[in-house]
Structures are given as C-alpha cells and as structure tokens.
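Note that chain A is present in both complexes that follow, paired respectively with chain B and with chain C.
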Partner chain A sequence: MKPVTFLLREQWSGILLAVVLGIVALSIANPTFNTEFNWFVLLRSICVVALAAFSQMIMLGVGQMNLSVGALGGLVAILVGGLMDAWGVPAIPAASIAVLVGGGAGLLNGWLTVRTGINGFVVTLATASAFTGINLGLTRAVPFYHLPADFVAFGNGRIGAFPLLMIVPIIVTALLAIFLNRTVKGRHLLAVGGNSNAAELSGISVSRTIMLAHCLSGLIAAIAGVLAVAQLGSAQPTIGSDWLIISFAAPIIGGASLSGGSVSITGTVVAVVLIGLIQNAMVLLAVDPYWVTFLLGSLILAAVWINRIRTVRMERAQ
Partner chain B sequence: MSLALQSITKSFPGVRALNDASLTLVGGEIHALMGENGAGKSTLIKIITGVHRADSGTLKLEDRDLVFSSPRDAIAAGIAVVHQERNLIPHFSVAENILLERLPTRNGLVDFARAHSETRQHLAKVGLNIDPATEVRRLSVAQMQMVEIAKALSHRASVLLLDEPTASLTEAEAETLFRLVRQLREAGTAILFVSHKLEEVLSLCDRVTVLRDGETTLMAAPVVGMTRGNLIEAMIGRSERPVVPRKRGPQLDQPRLQTQALTTSYGHKAVDFTLHRGEILGLYGLVGAGRTELARALLGQGKIRSGQVLVDGAAVRVRSVRDAIKRLRIGYVSEDRKYEGVILDHPIRSNIAITVWDSIARTLGLLTRNDEIALAAPLAVRLEIRAPNLEQRVGNLSGGNQQKVSLAKWLAADVDILIIDEPTVGIDIKAKSYIHELINELADRGMAILLISSDMPEMVAMADRILVMHEFALIDEFVNDRRYETASTRIMDAIHSVTAGSVG
Partner chain C sequence: MTTQVQSSSGASISITGLLTRGSTQFGLLIILSVLWTVFASLSPGFLSTFNLNSLGRSVAVDVVVGFAQMVVLATGGMNLSVGAIGVCSVMLAGYFLQVLGLPIPLAIAGTLAFGGVLGWLNGIAITKTGVNSFVVTLATASLFSGGMLILSHGVPLNGLPSEIGAFGKATVGPVPALAVVALAIGGLLYILFAHSVLGRQILSVGANSRAAEMSGIPVSRVIVFVHVLSGVLAAAAALMLTARLGAAMPAVAGDDWLLPSFLAPVIGGTSLAGGAASVIGTILGALLVSTIRSGLLILQFASFWLQFFLGVFLLAAILLQRYRSVLSAREQTRQA
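And then the complex of A and B:
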C-alpha cells in the first residue's frame, strides 16, 4: 500500500498526524517537554487511560456500552488496597484476587444484560451506581495508604523514560489484538456487534458472546484499577471517577463504530497517546486543567463528525 | 400538466450513475420506470425529488425550469413520493403522521379535533376507513402504504412517485392499490410507477421508460402490445436466458426433515410435511401466513408446544440456532439480507467463513486471514461474487452479490438441509436466474431445500412439490407440474376456499 493511500484509508492516520505535530510543537515551545523525566511522566499517565479505553472498546465492539468502567475500576482499586493494607496480603495475590473480582463484576453486568434483555447501557448505569456505593460504603471515603514497598516501587519504577507500569498495557494490547483479530471468540464478539441477528442465525450464541464481552471489559477495567493504585501509591476511593469520558473518547477518536462491530486497537492507542499529550501539554504550559475536559469533548465531536462525513461519502459513491 | 427531465447526467465519485437520461410524465398517465439494480432508477428519483442535483440536463414542470435544492422544494412544486422504505413514525397516530409538519393549532396547542377531521378527508381520497387517532404501528403494511399515499396526496401533489409499492403487499392488497392508482390517473395525476415486476407494469401502466447503465433504452414507449420479452431485453440488453433445469429429481425414499403435528408458540397448528434428500419443497403463502416463523421454529427459536421434528427419521429437539447448524446441519438463508443475512461492515471473507470459524480455527481458537480466504475464495468464484477482492465490505456490494454471500456461507458450512426464505426479493433479473440455477444445482447434489417464497412464478419454476400455508396452517400440498396456469390456480383456489370459509 502506498503511504498516501494508507493515510487516507486508515481512520486514525489523522490523529497520528496530530500526535506527531503536537510532539514537534511542544518540543519547540517548551524545552522541558523533551526531557527523559517528562516522557516518563507522560507515558506513565497513559497506562491507566489505555486500559480504561480498551475496557470500553470491547463493549463498543460488541455493540453495547459499559457505563460502569470507572466505578468498577474504583471498586477494584480499594479492594486491592484494602487487601494489602488491612489484611496484609502480598502484592501479587492481592492484585490477582482484585482482577478476578473485576472480571466477576463484569460477568454480573453481562448476566444481567442477557437475563433481563435490557440494554447494557441501562444495566451498567445501575451497576455503576451500585459499585460506587459499595466502594464509598466500605471505605467511608478514606483511602488506604500503607501499601507494600515492592508494589509502590513497581508504580514508580522506570528504565530511562520507560515506566515499568507500561509493561501491563503493552501485554494487554498484544493479547487484545490477537483476541479480536485472530481468535474465534474475538470474531464472534465483532460479528455480534456488527449484526447480532445475522450472527445468531449463523450459529453464534449471542448471549454467551455478550457475557464474554462484559466479563473482559470488567477484567480490563480491574487491571486499570490496580495500576492506578500502583501509580498513585495509595488506594483512593475516587479512582475511576474520571474515566468514563476518556474511556469513550479514545476508542471513538480511534475510529470505533458507534453501532458496533468495528474497533481499532491501533487507533485507540494513538488516541490515548494524543490524550496523554494534551494533558501533558496543559501542565507544561500551565493551562487550567478544566480545559482538558473541554478539549476532549471537542475532539470526540470532531472525530464522530469526520467519521460521519466518511460514511456519507462512501454511501454516495455507491 | 407535465414533468420533463431532459439529458440528465449525474456522476458520483468513481461512477457515472446517469448518462443523458430522459423521462417525461404527463397528467392522466401511469408511467412505469424500470431497470436493473444499479441502472440509475434511484438516482433519477432522487433528482426528481430534490435529494440530488443533476450535473447537467434540465428539469421542467409545465415548461418552467426547476432547480431543487432540497426535498422541500420538490414537495412545494407538487411532486410527492412514496418510498420503498416506510417513512412513517410508528408511535404517532395516523393524523400526526399525515399532518406532521403542519398540525393545526389552537392557542398554541395542537388542535386534535381539527387534525382528525382534516385527516379523515385525506383518508377518504384513498378509500381508507380507519380512525385518524390509531397509532401507525397498529396498521397492516398495506394500510401503512395507503396512509403514505394519503400523506403524499395531501400536499396537493400533481406528480406522484411510487417506488416499488407492491414489494410487501399481498395480491389482494396490490389490487386495491392498483384501483386507487387508476382513480388518480382519471383525476389527472401524473404517476411514476417504479417496479421490478413485469406483469404489474404490463397490466397497469400506460407508458414505460427503461434505464440501463444510466442510459435510457426505452423512452416513454406505449405499453400496449408489449411483452415480457421486450421489457427484459430493454433492461438487460439481451433476451432472458432460460434457467438451467434440474438434472435429477428428489430422492423420495430418503426423508431428511419431517414434522409431525407440529404446534408452536408462534401459532402453527398441526403442521405436517416431509422434505426429502435432493428435493426443493416450496412453501408458498402470503406475507404473514407464518412461513418465516415455521423456519424459526425449525431452527429452535420459539417453543414447540406439541408434535415433533424429525431429522433423518429420528425425533430431535432443536435447542438453538447454533444447535441446528452444528448438530443437525440445517442452514437458514434469511429473507432480510441486510438485517439478518450479512454483516455489512465486515469483509466478504468473514461473512462467508462465519459459519465454520469453529472448525477452521487452529490451536487456542486462532483464526488466520489466509485460512478464511482459502475457504471463501473458491466459493466466491463458484458463485460469481463480483468484487475486487475478498477484503471488500459486504455493504459495498450490490443486492444480488450480497445475497450470494448470504448463500455462500451455507455452502461453506456444507449443510444437508437448507431453508431459503424469499431468496430473490429486490435483486435484479440476472442475479435472480443465477440464484435459481444455484438452488437447482444444490438440490441436484443432494441438498434438501425448503424454499419459502411469495413470488408465484419463482415458486412454480423451482419447486418439486408445493405446500400452501395460510394463517399458520398448511392448507394444501401437491406435486408441482411446473405449469404456471395449473399450479397458480391451485394455490389461489386453496387460499380462497379457506378465506371464503372463514368469512361465511
């Protein structure tokens, strides 16, 4: 494929261009940007964002939405903190238990969706509130601070500019890419999102696939929750409360179809980098952080709009 | 009153949809517009209704040059269109739908009393006697269509465009529609009747314009004295090629799929039939007779209340569609390609391989693109699926090619029994005869096929035996001699005798 056609074809080529231009502009505007430490901070900040985005991307893939991504991540965060702080469980077993509980909570979302026949949007709206309630009820909004040293060290560790924390999202990205593109279950997931009637009539169990998607979404949100604790060095009950918009923003900016069945892992990753870059730039240039939220909203609108124009053009061409 | 389009050219990126096409409508005439899919009919309609603007050429209403920049302009000029897709709001009342953008108000509030009385006048013009307060979703398909026509006429239209109006109507309903269209003709309306159905055009219309590859091949020709052959030749550029006939008959000693006194939650009453190896068993019935639902019941959707289903002589319980496919080797080609047959956004290769992903997967459930292509490529060649490559989105294909993809996945799955629901609705003549040949070939090779269709000529040409379904019960079964007169008469007699019985 020629580079030009490639740029025109791939939906995320535009945001990749924005990322490159952003990096060049920031390097010129502020010398601090291109320091090793700043790159470490930037890369570490996008680890949790990337996982929250993947958690939502799976749901967009199956044609649903998960409003409980942040609430579930927050619940898992205080769970892992509580296990280590209050019960003295070592880091790895604590993280494993917490992630499994997250997967279980996701499965519950899926089971409720399939069982009641109510759209996942509504079900997860309700469970999001429930998860947050459990979180605040258990902690009384008090964070857990006394975490094992190795766990905190993992969250702060780096090799040059590369944060150790980033190992996790890299592994998840690779597994997810294989899962969605190359496995039967992954193709089932996208087929159900693309056209659930056709999928059912082709012999795919739609309800099992939807449960699987919710379970995976919960699992990934849980991993995000654990990473957030490692990154902060404490288990804050507020973890996850600001994930929702970002979790939608990245996959959508990355080119996911809102009607389901089509997502882009590369696009989502590039969008996550763009979001990290914007947040970093705002800090470096001392801009009011609230404007980040505004900018994100504008970006979502722009991305959806561009996709819409593309679709209309394609339909006209027929 | 006359509407004339002259030398219309319209291009889209990569395609020239219309090339020097012309059309002239005159008040008091029913004018047919025909052409295969992709011939440019839709584009021409969109130009008349102000959706698209022509690159060149003129649009004249009574010698006045018109330039439409939006559909509103076309409506204001007295051009009304009834689209193939329903454009009504299901949860709104008939009155609200008809008077949607101009509901009468009193003191700033909707004046329903007046809206209903105005609506009654509009309904009277199409001979529809229903309460204007009825929600549209409670109407029958035919009634909805009448409401749409009433809505179109309520704009004081002098030009009425009907886009495939009979596609979802029963024959009786279509007759009512034709009566109305003829009345409108007498009243001086210019009517453009877009249809795929040759018989309809020959019996209803006064003149016909045919498009082929964006050009006019027949311009306002009088229909009197014309034959099916003339129309087909104008549409496809050569005469109709006869479908390659069957090579062998059904193997009646080998029953494949049977039902015994099957009663279902859909409302089927004591359905009994036997489908044999190598047989095409036709299931004829009007829309709503319960044919698709019977297919669904056989696939494990809906509950079986009593009676049983036998596959290869053994009683089975079908647990799910998945179970029907994997264990009992029953496939189903849906009547609704876009919503149930294919995944428009996914490539051809995945749409074909979807039924066999489980079996072509390697260890750990890994699938490779090459394995999908290796499976799909020979089928795409065999079915003559026209596409640059197998990565193409199915949504980019023509209706006929989409239907071939929808069939190809069942060839991939290598099922023994195939239920095919309305296989040729909305696809053009070439693709249609191709699909008929393919079905014949599958039966010749031993597949047992249950062919559901409300297309009478198709049923008579294809089926070995015909079952007639009416109100969820089988009312007749006979060996089809493939002679149109006898078979169609027998089917219609069967249906009339039950309906007459139920009325009397």
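And then the complex of A and C:
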C-alpha cells in the first residue's frame, strides 16, 4: 500500500491534516508560536491530557465508560502530594504508592461493575463522587505546596523543547500499543468490547477482562494525577475536575468506537495534540478561553458525524 | 408508580423484608422516616421551620433536575447536558428580565421555550446521526456552556425584579411555593406516564426500541420529544433556582447538576436500561439526597465529606436495588 493511500484510509488522517494546517497557520499568525519555549509549554501541557485520554480509551475499548477518571486522578494527586509534603516520603516511593492506590481504586470500580452487573456508568458516577469526597474531606480543599525539589525539577525540566515530563506518556503509549496489539490479554480486551457474548463463548472470561480494563484505566489515570502534580509544582485538590470531557473527546475524535472493540492509539495521540494546539492558540491569540470548551464540543460532534458518514458509506460499498 | 412488575409475595412484615421486597418507593419512605427521626433526635434544629423551609426549597429544584434526567432515562438514553441547559436558561432568564426588562410571564415562557429548543437540538442530533445519546449530549453540554460563557463573559446578573426573589421565598400555607411548583410538574409528568398514549410510547421505546418501531411507534419522534421535554424541565429547574437565589449566576448548575440529576431518578427506581420511570420515586430520591445533605450540615459534619457520603449512598441504593431484583427474580422462578 502506498503511504498516501494508507494515510487517507486511516480515520485520523483528517485530524492530522487539521494539526498540520493549524501549526502552519499559527506560525504565520504569531511569531512566538515557533519559539523553543512555546513548544515546550505546548508539549508539556499535552502529557497529562494524553494519559487521561488513554485511561478512558481503555474503557471505550472494552465497551464501557469510566466517569471517575478525573476524580481518581485528583485523589491520587493529593495522595502523592500528601505523602511527600506531610509524611516526607521521597518522590519515587510516593509516586509508586499513589499509582498503586489508583490501580486499586480502578479494580474497585471493576469489581463493583462485574459483581453487581450494574452499568459501569452509574458505578463510576457514584465512585467518582466518593473519590472526590475523600479528596475534599482529607484536604479540606487546601493544596500541598512543599514538594521535594527533584520532583518539581522533573516537572519543569526540559532538553531543548522536549519536556522531561513527556518521557512518561511516551513509555505508557509504547506499553499500551504492545499490550493492545501484541498480547493475548490485550486482544481479549478488544474482543470483549467488540462482542462480549462471542468472546464469552470463545472461552474468554468477560468479567475478568472488564476488571483488568478498569484496573488499567485506574493505573493510567493515577499516573496522569502524579504528572499533573509534577507539572503544577503543587498538589491541588482541583486536579482532574476538568478531565471528564477531554478524556472522552480525544479517543472519540481519534476514532474510537463507542460500542467498544475498536480504539486507535495514534488517533488518540493526534487528537490530544490537536486539543493542545487549540488551547495554545487561544492563549497566543488572546482569545476568550471559553472558546476552548465550545470548540471541543463542536469537534466531538463533527468527529462522530464524520465517523457515521464513513460507516454508512462502507456499508453501502459492501 | 413503577411500570416494572414487583413481586408482592412473601408477606414478611420485618423491616428488612419490607426493604427488600416492598416497592422501591415504600423502601425509600422507610429509610426517609428513619433518617428524619435520627436527625430530629440528634439535633432539634433539624425540624425548625427555617430548616424545613430551606430543605423544601432546595428539594424542589433537585426534584425538577431529576425529572429532566428521568424522562430521557425512560427511553434508555441519557442527557449529560441537563446542567448546561440549566445554566444557559439561568443566564437567558436574567438577560430577559434585567437587560431587556421583559414582563415576568413573557420571560418565563421565553426561557422555557429556549430550554426546549436546546433539547430539540440534542434530540435531532441523536436521531439524525444515530450516535449514542451519551456522546451527543456530552458534546452539546460543552457547546452550550461554552457558548453561554462566551456571550455572558461569566458575569452574574444581580438586578432582577424583586418579585422573582420574593416568589422564591414565598410559602403556600406551610409549604414553600417552589415545592408546590415541583409537585405540580410531578403531577403533570405522572399523568403523562400513567395515563397518556405518548407516555406509554416513551416507555415502550425504552423497553425495546425495535419492537416499538415494529408496532408502529414513531421512535425518532418520541426520542426528540423526550429531549425537548428534558430541556424544558431543565429550564424550569433553572428558573426555580434563579427565584431561590434571587439572582442569575453562571456558576450555579453545569457540572454540579450531573450527579443530582442521576441520583434522584436512579435511587427512586428508574432504570438506566430504560422502559421504567417513577415520578414518586424521583421525588423521594431527591428528598433523600437533600435530607442527607441537610442533616449532615446541621450535625455540623464537615461539608467537605458531603460529596463522599452522596457517592456512597448512591452506590448503596443501586446495590440494594440490584439485590431486590435478583431476589424477586429468584422468587418468580420458585413460583413458576
């Protein structure tokens, strides 16, 4: 297959084009866009968004939703902050404990969903409220400011325009790509999302797979929470409160099917870059930041609409 | 009123028996009376006229927010933009009254119609694209609240006519006027679901949309209708909130309505799978949530833990309901 036709066949080719055009237009419109520092800011801002999006993408892959992505990320954020500030735990053990707690919270979501047979939507809506409640109850909405210097330095560090923070999402992306494409468990996850009855009949344990997906989603959301703390330099209890829409927007714009079974890591990454670019453009062009919310909504609608047209065409062609 | 068949066998009179076997609404009534007794005995302030009045006014808004979600849940869909339609309506009502100086009835009618139009946009987008209502309303929620903030710049409108605030504080006998409005809306919805063809059509679309389609029900039109209704109800809740606060503030609904809008109907026995709607259950569900909130506040529990308790209560309520349905299914098979 020629590279050009390959690109056109991919669902994310449209958003890639939008990203390229956006970069060209911004470079012309504002000379500060192409400075090294602005690229650093742009790249650093998409690290957390990318992880929040992956956390949701896993759930969309298995055909479920996780409304607690942001609440879980926020809880882990204040946990890692509290461990380092109040308890004096060094950065790496604190981050590891916090991420494990996030995985445990995800497992709790999965266990509740599977054991009760209740729609994951309601379960995670309820646990989201409980997680946010624990967060607010523990912190009384007061952030943790005194974090170890090496931890904050990691959040601010850069090599040229490349933020050190970005190492983490790159590793997660690679592991996720291997997991979903090359491992039996990963294929099982997508099989359950595609058709859970068929998966069950071919000997896959649907409930275990759903629990695995919830656990992974929790782990990734927890990593996002830790990164958000490093990026801000303080553990704010409000971390995660605005992840809900973005976590759905990126995978959906990137071509994930809501009925499950089909996700695109590349598409999600390109969509995250597009969202980051929009946010960056609003700042550079001094546009009302509320436009970001508005544009995000329009993008999701446009993406699902285009996907719909594509499916109808493919059905007709067959 | 629940349209699901409840097993009425097993005439056990024990409280656990009632909780697990009686109707959801009856179980809720028992939980409510237990909570009221506990709160009233722990703190005499709970039953003060002042507290009951403020409780009644906040329940009234929550009930209508719950209705806005319930009518969509009945078709098996959901509306994540209830809060966004709410804030847009709050600000539009403020604009009508303060900036344009429209007479109050006209402003109310205009706001309700506007809520209906936003709901209609949701319904059209869902039926035309065939995309799941979750994603469409997630996107439109972002569109609506973004658009509202761009136009209003997030500035509250405080100079509303004094009649609005006065109505929010008014009482009919001992009952707050806002609660009377909520009950009247509940009465209309009860008639819709229990005694009208359209109501039965909504429930049958929720129970099985293919079967409904085959038996000649215009499924798309029914779905558009419930979204219009949901928009109008969200606008009504917004107007009630404006009256309660006496001002139009952009930060009052939005995300804050997401949880309450699901809590009241789901606790009250409306299933997410569609095909069932309980008006009385939604009222009781909202009352339960507000009772817990008010009780914890009056016992001077740190308000920060409130959200945690609400989440745990929602979980407990759905677990109990799940347990009940498993139990009644088991009993039905035993009888068969």
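Keep this in mind: the second predicted complex is superposed on the first by the 316 of 318 C-alpha atoms of A that agree within 3 Å, B and C clash if a C-alpha of one lies under 4 Å from a C-alpha of the other, contacts with A are read in each partner's own complex, and residues count from 1 in each chain.
Heads up, the rule we're going with is that a contact is a pair of C-beta atoms (placed from the backbone, for glycine too) under 8 Å apart; a residue touches a chain by one contact, two chains touch by 3 or more.
Fair warning: this is a prediction, and the values are worked out from it, not measured in the lab.
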Fit or clash between chain C and chain B when superposed on chain A: clash
Partner chain in contact with A:Ala191 - chain B first, chain C second, else both or neither: first
Partner chain(s) touched by A:Leu43 [first = chain B, second = chain C, both, neither]: neither
Partner chain in contact with A:Gly261 - chain B first, chain C second, else both or neither: first
Chain B versus chain C as contact partner of A:Leu83, first or second or both or neither: neither
Which superposed partner A:Thr183 touches (first chain B, second chain C, both, neither): first
Contacts of A:Leu201 with chain B and chain C, given as first, second, both or neither: first
Which superposed partner A:Ile300 touches (first chain B, second chain C, both, neither): second
Per-residue touch tally on chain A - higher for chain B or for chain C: C
Chain A positions touched by chain B in one structure and by chain C in the second: none
Contact footprint of chain B on chain A as seen in their complex: 178, 182-185, 187-188, 190-191, 194-195, 197-205, 257, 261-262, 313-314, 316-318
In the complex with chain A, residue positions of chain B that touch it: 12-15, 299, 320-322, 324-326, 332, 334, 336, 339-346, 350, 354-355, 357-358, 361, 364-368, 396, 409, 413
Partner chain A, residues of chain C touching it in the complex: 78, 125, 129-132, 134-136, 138-147, 149-150, 153-154, 255, 258-259, 262, 266, 272-273, 302, 304-312, 314-315, 318-319, 322
For the chain A and chain C complex, residues of the former touching the latter: 65, 112, 116-119, 121-123, 125-134, 136-137, 139-141, 241, 244-245, 248-249, 252, 258-259, 288, 290-298, 300-301, 304-305, 308
